[in-house]
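Some structures to go through are shown next.
After this come two complexes, each holding chain A, first together with chain B and then together with chain C.
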Partner chain A sequence: MKNGQKGRLPLKRRRLKQQKAKQADKTAKLEPSVDSKAPLSDSLRANENTFRSIYDNSSDVIFRPFYIGEQVKALLIYIEGLSNIEEIDDSVLSPLIKSKADGDTTVDTLINKKVAVSDVKKVTTFSDSVKEIASGSPVIIVDQQTSGFALGLSKWENRSVEEPQAEMVVRGPREGFVETIGVNTSLIRRRIRSPKLKMKAMEAGEYTKTAIKIAYIDGVADQSVIKEAASRINRIDVDGILDSGVLEEYIEDHPQSPFPQVLSTERPDIVSANLLEGRVAILVDGSPFVLIVPATFYSLLQSSEDYYGRFLIGTSIRWLRYFFLLISLFLPSLYVALLTYHQEMVPTTLLFSIAASRAQVPFPALIEALMMEITFEALREAGLRLPKQVGSAVSIVGALVIGEAAVSAGIVSAPMVIVVALTGVASFTIPRYSASAAVRMLRFPMIFLAGTLGLLGIMLGIIGIIVHMATIRSFGEPYLSPMAPMKWRGMKDVLIRAPWWKLNTRPRFTGETNDYRQADNQKPSPIRGKD
Partner chain B sequence: MIENGRISVLQMAILVYPTIIATAILLLPAITGDQAKQDMWLSPIWASAAGFLAVFLAIRLNNRFPDMTIIQYSEVIVGKFLGKAIGLLFILFLAHNCGVTLREYGEFVKGNFLEDTPLAVIIGSMIFICALAVRGGIEVMARSAQVFVPVVTVLFIVVLLLLIPDITPGNVQPVFKDGIMPSLKGATVAAGWFLEFFVIAFMLPFLRNRKKSAKWSIITVVAVIITMVVTNLVTLFIFGALTPTFTYPVMEAARYISIAEFIQHMESVVMAIWVGGIFIKISVLLYITVLSTAQWVRLSDYRPIVFPYAFIIGVLGHWSAENVQELEKFLKETFPIYALLFLALLPTMLLVTAAARGLRSQNTDNRTSSDASAGKDRSK
Partner chain C sequence: MRRLMVMKKWLITPVAILLMLLLAGCWDRTEINDLAIIVGLGLHETEDEEVQLSVQIVNPSSMASGQSGNSGQQGTGQLTTMEKEVGKTTFDARSKLQEKVSRELFSGHNRVVFISEKLAEKGIRDHIDFLARYTRPRLRSYVYVTKGVPADFFKVMPDLESSSAETARELADLRIGMSVEVKELLQMTADASENAALPIITIEGEPPHSYGLRVQGAAVFKHGKMVGQLDDSATRGVMWIRDEIEEATIMVQPEGETGYISFLVLDATTKLVPEIKGDNWTMTVQINAIDDAVENHTTLDLMKPDTIKRLEKQLEEKVEQRIHIALEQVQKDMKADILGFGESFDSKYPDKWEAVKDNWDEKFSEVTVNIESDVEIKRPGRSTSPPALPEDEVTNE
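Moving on, here comes the complex of A and B:
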């Protein structure tokens, strides 16, 4: 620990140190040192030179000099492909160029009277200008002025809003997040229109300058969680954040745990529902996955469809999911334990048929199970990575070949194939991919424990997993809450999916700010007294 | 405070219940049946007096010294030297008790299921897992217990329900054939288990809200009585006078379960369920041992000594008896007196002395602040 702390200089300082070392070393090629914090000067020529040296060797940055009213020199700077060129031409360049020769050319007048663009921002320093240009807003600087203005005319190619492929629903909204943060915030804002919905802007990544937004509902979300999320994001000092998955790893509580402590989703309706329950969402530009904190183990097992269908069906589906979670975690290890240590528990007829099909198999059950499970995981992975056209074909053929041929060749037994297939199906019932990945991974140590200590080994494994889950927290919330520590009002959304008119209180976490989310007695009833 | 976690009274109850019950349901029917014969179901009721006594002592002492465990207040009550001596004896008792419990578990699993597995592996794997839980602190143990205890209890009830076809309620007669004495004799052994209720003395200082501690302790005692009576009754109904001939009557009973020729030979499942309970028991015993030791030598944190201690207790368990017969003899003959000495007489003596000298912890605030600063130092 102590050694680690010595080496932990902030990255910026380490970079400076490196640069100083380079400067000392005369052979190293110096980058043009431009003081980007400096304000714009009133000389257009000087400003242009500075910008050109900042954007040295950047062929995609366009400099377009022009005259306002044929008199005053001005310069337009933008990045090719990030800005809406037609709009710039129509609403900015042509009115400025065609304006009267003797007009007032202070920046404020230009913004107020000449430029027909709704989103205009005044910039006074080089760093601000560079930031605006990088985010796609063209910047115009004018001669004799110590400030310029940025036009919010960014426009780039992005994927349209479509149904998320990893989180399908039969009933419920079909929109999914995209890679552009502005579209994502609008998808949430369209669902929660109250001004109480806040979006705190942040930034991370030394080079990527990735935009991050912390969304929460004021008065519903726990302030301490918001603060904690903000401080954890502020702490990040890295080169770049390319996906919310990277951010997740920097902000979670226990990075060594196999269990995800942050809920990630592509669905705006899930984010909105969680915001309404008092959680906090973190949006990352460039990623269609929005992070939700704090996440508990049970929230990873909830699907949005539980809430859109009838509650009885939602409850039974939820129980089915819990059951198959156990199946996907324990079935292969139970099979191994029963066959290796506890044959007496298997009914006689079943034992005979299993023994008959295992007669030819040269491996002990433990090796057989490990082999088949690894093969299944490999098939699944291959199915994901292969090109779409061949992916499904290959996985089917692979399964058939391995299932059929391996059994008839006597390498594996048919019951084992059934067990592995059932486990595979079971792991797909878990709605969050990250949670099902954790379960899939834990299956292997469980098989190993079952093969060495039988049912006792399985039980020790269960105890180990539960103790681990009891240890971890997500942003202050115990991971197994509301079961341990027991909170009854949270249980009605865990053990069952209580009908909506019964879910009066928020399944709240640490802060008890705004307990009630609906009025009492909203249970509908039929009209009585008519014939 | 050495322990930063805080638990609720419900969590305390849920930790203490398996601490008493886990080994009791296995061994108690045979041991009480030996003396009490067909009156064995009455023995836990007499024995519960010991449970109420232990709860009374723990809560009264805690009222006088709210933020201290017995290791700390014995120094206040009888002076530094004598207090340290009592603390040392207590720690040795706790460690030994933990080792014996671990051995009970090891013997049971080895004797019934994993005959060829070395005892060291069975004991070692369990104490390792328990050490993990103890390292997490009392909150982690409480949360784990909240997951296990409801599941284990429900499954245990299911097992008992599945045994209904095999019972012969007539086995309970004749009641009081030889008067009240046999059941009282049987109660002496059960009292040893009830005295273990004194472990709450190590949890009371860490309660979030101490108001309902007495109420919940009594609820736990009653729950333990009910469980013991039901267990004794069921084994009596099934085996009658044969009960004392088995070492683990409940486990033998589980072999009788057979539903539709499909669910049969449930004893391994019962073992697996029971392991969930014994895990809580060993964790609690290990925790209080480690905590006491840390307090006795005034460490600022008990976590660093958990794993070394777990190893020592594993060895202690291995050495505590030659074989299962010797272990059973110890539990039957020595343990009641052993427990009475440490869990009843010693605390009574402390309480009486404290009351006679009118001692209370006045400088609670000083203590907590100095402990808090110690905690801060550690976090740095």
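Moving on, here comes the complex of A and C:
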């Protein structure tokens, strides 16, 4: 942390310098500068002028002057499209305009007696008002008053809650997060109703003023992780955070690593489950992906469906996933190493058929493998980016050209196509896209190592990857825990998916403050039911 | 300046690693299509007392096309080719052979090693050293002694398998006759007794119309030289003693019957129990076998316990008889301990073994052998009483 603060100073300074230069520029152009920290004055005209200069050249900001009780001047400011106009008309404007002429017009009286809106907030400074207006709450300022009030009547177009496209389940809730942070918090709150669920509000981005919420369960989550998350977010001093992916990169422990150290998900049920395990969720406005910290490597390999299905099946599917993780990382490199250095290790008859199919291939196995893997990645990327209508064309061309035609033209061998296809399928069994991307990327250095050093190279690669993974941490939790450091307690949710009644303790690192998550003896049995 | 240093450090490490990989280079990289995959190695001695090395090399492309439906001969060519060369030593011959084979000779997938009878008589010690020392040929190849020149064996186009080497391997895998891997041969020759037995293989059918191979008997080696050959039944006897029997058929002709009953040995175990009393060395061979009746040409009812008892007795005699045939040849005539007696004495009486070690061949021939066989007929077969006989003709005792 000390280093962080040290490094932060010059950065902050440079930014301030820039701002000063900008301001100097503004004054040079003789534009009215506004001290937004200043409190509202009691003159409506002065306040209006200040607001108008703040929202200079902003045609989407609406100023609506009106009289309260035909006497006292007032001004309504809101941004077009961010506020519920009908509600403003019915519950605010009409009662105020129709109120008695000689009534009390102090802000408190207005809030308490006149305005039929549940969410009303008093604002006293320009900066507060601007913040409220920006978040869609119309602000009303009244003549002769040094404060105004903001109405929580924000309403804008947002996507409805849908099934997350990137994280499908067969069994389990089909709700996914949306781009609006309020909806997202409500989705979590609906699952965890205890008041112990806390949502700490933060903000980041010089211009975007992105709302960020740190969610955790008080008494379950480790306070140090919460503090660490908050301090890391506080540190961020950038123009804007447009997606949680941007924030992720700013708060990660080891940004150089290919492995994601933050778990991101679109599913409220996954976030809730992780909160219950003592982890901390970070919600970012404008992004349907919620970040969960700390994340371990194994948590990236868990799917929510592991927990909703029967535990035996969940366990075997988890094993299948582990196996295919290895396949997708090592199969092409093993193939290359065996074919170029260790032919004696291939079963004899298999060697004959591989040799036969490779007879016409002009490239060495290493080049062939790299070529095919890169082509496959290109196909995947193309299929992902193209409009849906064209996407099917790409897959047809890919399957035909890369598969059938390339083999019959003698450019690649059929076994290589099988290897690449199997690798591709294997990489999609990893439930987290960011993790599967890491594995797919690491495949290439592995192939290269295999092609230059054979099995020795593969071993070097494996050692390198494992050492790297053992080195990194995510918010204090070792990345490979509970495997390294070895904690048997955590194995029941890593090696296998133990039945729910046996998952009685929280993971070691995240759930230390509150070990037990359920009562003992929860295993169902007919005898216990009769008690 | 510091920034630049950091940048440099960042750049230098990956670049250095990359260059290191290039340094290691792919110098021993061989593409699979540049390999001549050898499946059979043959060793023979020419008239000029030079080593003749013959190899069987597969032609993968025709092998693959043969697999995909075409009848083997109609493919792009022969499934295998045979190449041979002579040299002062085995490796010398191999080096000369490489001069005329366009692909790198690769014996990592070698299936069999054929040693000609002639070379076997001269002694195989020197050549075994090549198989043990040169790291490429696998130690799991099967070793055979050929009746004839190995090169001829590699020219045989078998009906069922893709190559004659493959045929020989499959025959060894069946364990009908003896099967010895290079590794086992090395163990046998390195043993205290220094004796070994190898299966003999012959060509079926007259060349060029030969269509297969046959395992026939075994060759007995003493101090690296072939000293004699055993016929099929003696070989079986040896295999009984060596506990190598996996599947065997035994026929017995019960007393007072004209037909035979065939039994299939399901499980046979042999234990050697050595004993030294004074100057008297005895070896007890304990055999336990479980049999299954598979064919009954007699009128006997195999459901009768008495009959079974009698047959069991006869079977035991039969097994002992086989072992005696083997002992007669191996122990008395050749005086070559290929039965593992030496090891057995060595492990139980190391001191006394040490004394006779150098004179073991003589001592071996004097060892008294007791055979204790216990054969059990477990199942009389699917049909119980002789099915082809009317009930009144079944012998009832």
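Here is the rule we use: the second predicted complex is superposed on the first by the 494 of 531 C-alpha atoms of A that agree within 3 Å, B and C clash if a C-alpha of one lies under 4 Å from a C-alpha of the other, contacts with A are read in each partner's own complex, and residues count from 1 in each chain.
Quick note on the criterion: a residue touches a chain if its C-beta (ideal position, glycine included) is under 8 Å from a C-beta of that chain, and two chains touch if they have at least 3 such contacts.
Note that the structure is predicted; figures quoted are calculated from it, not measured.
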Is A:A437 touching anything from chain B or chain C once the two structures are fitted on A? First, second, both or neither. neither
First (chain B), second (chain C), both or neither: which does A:I354 touch? second
Return first, second, both or neither, reflecting whether A:P364 touches chain B, chain C, both chains, or no partner chain. second
What is the contact status of A:Y341 with respect to chain B (first) and chain C (second): first, second, both, or neither? both
On the A-aligned overlay, A:G451 touches which partner chain: chain B = first, chain C = second, or both, or neither? second
Contacts of A:A230 with chain B and chain C, given as first, second, both or neither: neither
Where does A:L495 make contact in the superposed view: on chain B (first), on chain C (second), on both, or on neither? neither
Following superposition on chain A, which residues of chain A contact chain B and also contact chain C? 341, 344, 453, 457
Residues of chain C defined as touching chain A within the complex: 21-22, 24-26, 28-33, 35, 37, 39, 58, 60-61, 63-65, 67, 106, 108-109, 111, 136, 138
Per the contact definition, I'd like the list of chain B residues that touch chain A in the complex. 8, 10-11, 109, 113-114, 117, 121-122, 125-126, 129, 132-133, 136, 139-148, 261-262, 264-266, 268-269, 271-272, 275-276, 279
Help me check something: in the complex, which residues belonging to chain A touch chain C? 339-341, 343-344, 348, 351-359, 361, 364-366, 448-449, 451-453, 457
Residues on chain A engaged by chain B in the complex (per definition of touch): 341-342, 344-345, 347, 453-460, 462-464, 466-468, 470-471, 478, 480, 483-486
